């Protein structure tokens, strides 16, 4: 008989409790579902038992801290709270000195909030802009007022122009120098030669200041600049500055002017006066003249200069015979008049001092470092020629011109984006006030660093 | 579950969630710092939401154990599992900043990828395989009862053969009259059938997975049976048809058991790994906040 | 002894045929033709039972009726009255609390099905019905039991046990048939029925429940007891409505004719009633009521009915409500029958179904969640088997189809499988496990399920022992929930409980077109 299929026949082939009976698929599902979490638990327990916390690390330590990889407790504190093992500031300060940024800052962020580690071999000091703009995007201080710009979000868009270049500011230096004149070709150089000057003839990194200067006086090259010749707004360490390559050594007379701008004072004498205060020059001049007249007594007989006859005045005698002191006094007065009114005044500003015959030379106020709150290193910018950034110097005729390049020059290379130079805050600014730095402690011995606990 | 037009609502909501997350990620995390981590406020949100999606997905198994409780229709839970489970992947990627991490986080990322990949694979299987099974196995039965049904098929075949042989015997006996001669053999006519059954078909029915059986292949079986038909008289042809039908059914349920393994086997990877993932995920959440 | 005259012959051994002359000495056999009795000499036998003997067991098949001459017998349902549970009743505080919680979580609400009769009695094949709370009754001399089994070959509906030493006559169908035609016997039967069962039957009709005892007594005297042969119409559609009927014995088919065929509305058995629609409507019968097998009915005339209704207006409103509901339900069914052409459906008998559980095989992952859910919400026994024939890409699961013509209901000896006022077929907890409904269902939707229960141990009175019983189970559409559990639990949107014509209407429309084209 042919096979028939009816619902009833098919249904009656089936045991009614088949779905309750164990079957291989369900059994395997159950066993594996127990086994997998069990294995995971074992894995967890394995690490817990060995107190190995490295497996929970979110990433490798920064290059600076990598040697501490086995020393979790160097930063992570376990007695902090019930369940907290986060790194705390005290642990950072045990090794590092993180001086306060500003006394009036509105709040103190924790170390780890800006310097987040476990992000791989990065430079930990390279903090993101967000850490700075959390205050500086809308600056407020505990005192309420501030002299700084209030809203800075990044370098490229709204960082203000450098302070000294803002409207109304001028170079405070009192030395008159016309860069444009000095950079002309065919200048009258030392010993009657014709020269073409370049930037590096006068401007060099402080560390290189010890070498020979082409237009110096050859003698005083090793001497440090006079104390008041440098005026700056911060308490920069002069020794550090003197030895660095970041900033240019101040251009002093002895190094950069002396070869051409000689300070002769009398046509009879070839010497120059020392480049010093009038109180020093005056005795020098007197001494020089005294020495001269002692050698040339014949000059005591001064002939009459018909050019100096005045009408309606009796004609003086053809000769005057002076005593040496008289002659020195006369000559000194003439020479000093030349000096104070012409030679020195060519560069300096002289003011007459009441109650004194000698003028006073105004302080030169040459700025060695225009931006005390920002770091700049000339040696890292060697790829660019001086005049590319200091373009204004080529055409500057006034000393009052500030020849510092503006922010636009910096932004030519330092912009946001992968195809530009670093433009984040940390590249130029430091949060921790470097003036308040203290020496670092040593907490580890080498064996400790190598053995370590996790 | 066929992923068809009825999923539109879920798809739209999922795309919306994904879009919002992408936007937030782009706005807040990418510019924040290079390689910013899960510990930032946004990162913690992503991590929590992603983990909660994973937990919901994991609860599907629990839901299925109490099918009668009115906690929401099984269908809703299943769709939620599919879409929210899938969403957990991009959310965790946003949480991790697309970093693989090392140690526990690397293990978790591996597990997540494995679970989501196996889940997607399984969803695809469950989208296509039912149709395949329905088309290929017209004589489908219940997978768990296949052994039982096989036993019944064997019985049916035995019964058929017995009837055929006895029928022939009776016919032969009638032809011979009432004299029962001991040496009269079982009718020659049924012999080829019985031999075929004993040599080919019964072994096949008893062990259908065995290689080398001609009946395991439809074309070969057809030719075997048509050959058998030539050896056996016409009255027995209905028996042969029935036997053929039994073999066809046997082949089909063998195929069904294979297809069923495809349809359900991937769960043996997906479920255990997902449980491990959730467990370790909880460990990670605790430990990351601790440190 | 019922009849002293028979004392001497009553000593004949158990199983001996009763001689015709001896039979004729019984008053009940007075009108019977002696020739008939002589011809059917072996059709009646003496039966003697000692105290404690089992006369017949529920669920057994038989073909005889018993007439008690002497002694008392108890009739009871040996099967414990309980729903099929695969798991036992929770014991212990925690288990009970948990089960309460799970029951709440599973949102198992109140049974929302309309109850026409808060059935407090279980109809059996005896002159008395068993009370639900205490399903034991007593039979005494002059009482006949086993009529349904004898006339219609239904299984025994209860277990009868001799309480004292009994003497009975056991007779075959031909004798009983003749007896039932005899006036004397009928009178005795009617009297017994009126005395013992009619009261409870009347009270079982919910609308009559509020009646006073004197009214019942008044009514009791006025009712008619009528018999019908198989196939005979009790009342026809369109006839003037003049009576209300209660079924005493057998099965009555209620059907409605419409152009093209006949639609079976219901099967009624002992204790059910019909005819109120016609009476209330005041006019014609809205359906044909015919006897399926040997049927006995109690008839209440329209006069008495109306008097009753006038005296008790509450009764009228109750009746009207029921009549309205029934009419509405019937209209609904008829409307659906007249809709889409359904030729292609007939192949699987899907037309008969009012509700199908279909599984979309293109979405079903064969995960058995539906089966598990069904079992979970039905005490561990599934009412659904995920196997059957396919229609299109759907599997028509083996689960009750709520057939229009419910063949399962035909023959239940205790009326346990029935419909209330709504669609779904239910099996009450007094099912005796005879298995007839399971055999009758052409789709195998009803399954017999064994389970262990505690029952009275008759060898050790007062103690209980564990017995393995079988009961029938079927899908009840999960009416206590908003949605069938199988549909609710399917994760893949594959399980649907559908009305087949609406669900497949589109497909069938297309199908018809295609076959038409092919035929050309």
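So that you can tell them apart, the chains are marked A, B and C in the order they are listed, and the count of residues begins at 1 in each.
Note that a residue touches a chain if its C-beta (ideal position, glycine included) is under 8 Å from a C-beta of that chain, and two chains touch if they have at least 3 such contacts.
These numbers were taken from a predicted model, which means no experiment stands behind them.
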Relative to chain B, chain with the most remote C-alpha centre: A
Core chain by centroid distance, with centroids computed from Cα atoms only: B
Averaged-CA centre spacing for the pair chain C and chain A, given as whole angstrom: 105
Approximate Å spacing (C-alpha centroids) for the pair chain B, chain C: 44
Centroid spacing, where centroids are CA-atom means, of chain A and chain B in whole angstrom: 72
Contacts with two or more other chains, residues of chain B listed in rising order: 141-142, 144, 264
Sites on chain A at which at least two other chains make contact: 5, 10, 13-14, 19
Of all residues in chain C, the ones touching two or more other chains: 368, 372, 387
In the complex, chain A residues that touch chain B: 1-3, 5, 10, 13-15, 18-19, 21, 23, 25, 28-29, 32-33, 35-37, 39-41, 43-44, 53-60, 76, 83-86, 116, 118-120, 122, 128, 130
Partner chain A, residues of chain C touching it in the complex: 86, 348, 368, 371-372, 375, 380-382, 385, 387-389, 396, 398, 441-445, 447, 449
In the complex with chain C, residue positions of chain A that touch it: 5-14, 16-17, 19-20
Chain A partner contacts - residues on chain B that touch it in the complex: 31-35, 37-39, 99, 101-105, 107, 139, 141-142, 144-145, 148-149, 152, 238, 241-242, 245-246, 261, 264-265, 267-268, 271-273, 275-276, 279-280, 283-284, 287-291
Contact footprint of chain B on chain C as seen in their complex: 102, 105-107, 361-369, 372-373, 376-377, 386-387, 390, 393, 481, 485, 488-493
